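Working notes for the structure below.
To keep things simple, chains are lettered A, B, C and D as they appear, and every chain counts its residues starting from 1.
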């Protein structure tokens, strides 16, 4: 039997709790030794109920525990870079939720600390582990569609987040589209060279007043010559719309939305199928387990993680380029941001 | 926090192991205190690895343990009735794999022991807990298709079982179609009154030599006046085909096969989607957890189980009628079998 | 340029008019020289408007015209056999609407006259010429599904006919299912050996009072060993439901309903597609032209017609067997009817 | 009975012949009195075979015939504007194939002549009359998707045209995308304000050498605030790909490709459906008849044509803006082109 990997979780909000429960239910060889959250009191009962004994209010207690090999950073975005640096310095392997930061320099500092420490680092782009998108990726990689020519991503939320969240979200391109920027990199096997953004406030004027947009078309040019386009909306009346297409010299591959069942009801009113699964927790349920499986495997077998630090940096650069393009009304090269 | 339900598992073949692992991974309030199997030695390591301490070769050690509240009977079919009687007499709640027996009298004896003991009893018709079929059931129950007129079930396996298995299987109607007989009862909300069977050996002559058939159309008449039809094959080249339709006065509801992904590949060769999920373990994965959830809930809340002893008896009666119809070349009323 | 084929049409009801207009719009090498209808006065204006000059009340004027090579018999069913005999005796090629008659002996007399006269004879089983069913037929014939094991036909009307029509229709098996009996012969490439019928009155009690049924499951056994099943309803709330499946040793082929568009509307209420095309005139529009094309080609090139006299006789035999099975509650061999 | 509309056709290439045959087969109240083509000799036999008596090499013979009320201009693009002016001056109603010209001033001159003459003028944007796109348009107009937010068009050809054609085609944006520019105007009910083009040569280097591109993403901003995107390829390996989506405040509507049948073949190799209908002649067959029906109705009832001169001008302006955007690497406002 394999050794136990002892981990600590930093941040016990929605995503921290989700990871904790996924670990308890799915990984016999992983033990959550401790969890830290600024509101330690509030999570104690929940933590105990799933068998986590140590609940701290200060994440440093986790970093100081020599038995803990790896940490999951699930705290608020503005702490990701700092905690990554601290954890790397403490020699812990790191699974960090996206994005690392909105500031490129802070990301680079964090990645530099990781590199120096030689610890494993994985960023939480869970959609790469989704059964549909992984299948598209695999078919493209096997050459089934030939050379990619056009990559398309449709990504629409079932409803806009609260305005208070919008204000601190980093804007739609870093909060929502960032997943799509990761997706086009994953599917195309190439880097984005240039973006052009058309965007508007069509869902809710309050989003505009908060300085953000809620509807966008982002046109992309890849280093390998392929073109791409992402369309986003903060609110699709019919629910969470998550589709992609890769079109190439030999054909195309598309995926459609997942639903709770394949039931089709035919009546006088029409032929009615189910709406998409509600939102990302339902839609990407299995992917959250799958990404951790790969992270723990990388630790156990001392192999590379499937989503690296560079994969954490690039989508932020593209997101910043997308915003700049919108603000300046012109195409923006990603290297302009890096410079 | 709720009390722990302590259970024992009798029989550690494929399905016994599946249930054991599902309990360990999904039910924090359930503890598998012991498992019994005639080949106790062979399963010890596996049992320990998932945290089951007591491994017996004799199921009576489970029945004699006063701490064990409930048993799962997962041994070979010919022991189901006997073990049910013993477990009932020992005052244990019972989850029993289908079928209870091929012999109606033995089933009735077992059900009678259960009734006398007043224990919970649930039969393992897991497909009722499948997301697709449950949705059809719910829509029918909500009246969305009106009064049911025609119930259709397509049920085809990806490949025929080994001939050695065919010989002891009880025949296609009790081994394979039995699930479909349960399904039409579940979906129609009515009892089957009469069956007529057309059957043939088209997949493999060896199945015929073993005294069985491999392809069948079973036409049904329900007590509420509705009609139905089941079509079976022991081998569909494209995989496990599991579809149903309920057609009624206000419309119809259908479900299609589940696939590993929604990827559609379009090339010069055509527009290609995925084949159905491979077989019942993959296709009905979640339903095996869901049926146990309801069983444990029934114990915890002292409510009725969702699949009762009568639900275990009826499909056997229909199966025997289907076989008689095939053998005698005439429609057979189910009450002929009961008499 | 090819010579003109001059034809006469007997009977100018809905189907007679349809054929007339289809000929005018699609076949430059065919001229409708005359049309006969007992209500000649009522159709004169319509006939003239599409360029038919001669409108008779007596069909014999058509049969006596030596310039007319071929006739289309579109009058009421009870006249088909008699008019076929007269037309054959007059040396005319014959396109006859289905069914030839409800009486087997009358059909045989008619076919005998046709054979003796050596004229072309085609029966109006138009669904064989439908793009979907023809594709299924072709794929089966090419061996794509291997040896056929199970043939399934779903055939449901959008609404029941008027009770006055039901009374003279010959019953559901000869009026409605007759098309499905032709379809299973067409798709299976084999003859029906035995049928068993479960039927009921579920749509409208008045249909039962008229001595007919409105819902049926007809189980079939073919000479080549394959099995089959047809399900019928006189009323599907969502419209005209016309689907088939051929399942065989190498796979299956299915077709779904045609719709007016592929539009899918996704809203808060669900994901809604279009209902099937309304009824047979809309659904099988092109097939009515295609069947005539083959008829005229057979005349022009002196080749066999694609739907022969035997194809007209067999479905009537199967229909009579289906009715007998329902009435006597037992499987009936088709040869019992022929005897 | 209605009067006959006498028409002349100018240009008897593929599209001229198509219109001629559609008129002969579908419009009893329309007579093609004459057809003109520079290669009059070559088309005489064909013209006679469908009943057109007068075949001229000079289109002026048509314009000088006082009996002819309307002309269809189907000659090469470079003659459209000139022939429109001449026909308008001769008082003929005009159905003109797209585009009117590649030069905005010439188009304006032609439209000015039409306006002055007060004749009917319709441009051949046939896709508006397609069953799928018309349904999308109607659902949008009925408010089913609410306010449009995102309009998407996928338009890919099954194969690139010959290089000789590419050279005189006006470039992809005026030759191919022009239909899509018309489509987004038709579906959005709004005007395009700004375009940004990403384009590349990925299908065939020879297209690049001819000064054109073969793959493009065109991002759009509409006057009503909505956004849009068109993706084009000169070659989709799986065939002619023609899809649209309109996404709005209340939901979305999409259409998929038409196929020759709905047959789905399931085998060991996968679940295979048909590829799209081959190319525009097959895919849009019925729309070519429907656009003429509306044209002739507009003449008969003296009503407005459904696709006006402005509808002919606007897509050319957008196409020129799209090209300019590509050439200059910046978003271009359509009013820049008009200025």
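Following the convention adopted for this analysis, contacts are C-beta pairs under 8 Å (C-beta built on N, C-alpha and C of every residue); 3 or more make two chains touch, one makes a residue touch a chain.
Labels paired with UniProt names: A, B, C, D = Myo-inositol 2-dehydrogenase.
Keep in mind it's a predicted model, so treat the numbers as computed, not measured.
When each chain is reduced to the average of its Cα atoms, A sits farthest from chain C. More C-beta pairs touch across one of B-D and C-D than the other; that pair is C-D. Remark: chain B and chain D have CA centroids separated by 58 Å (rounded to whole angstrom).
With centres taken as mean Cα positions, chain D sits 43 Å from chain A. Look at where the CA atoms of chain C average out and do the same for chain D: the two points lie 40 Å apart. Residue positions of chain C touching 2 or more other chains: 236-238, 250-252, 266-268, 274.
Per the touch definition, chain A reaches chain D in the complex via residues 146-147, 149-150, 152, 156, 194, 196, 198-200, 202-203, 215-217, 219-221, 225-229, 231, 233, 235-238, 241, 247, 249-252, 329-331. If you check the complex, the residues on chain A that touch chain B are 1, 25-26, 28, 49-50, 131-132, 134-136, 139, 144-145, 250-258, 260-268, 274.
Interface residues of chain B facing chain D in the complex, by the touch rule stated above, are 236-238, 266-275.
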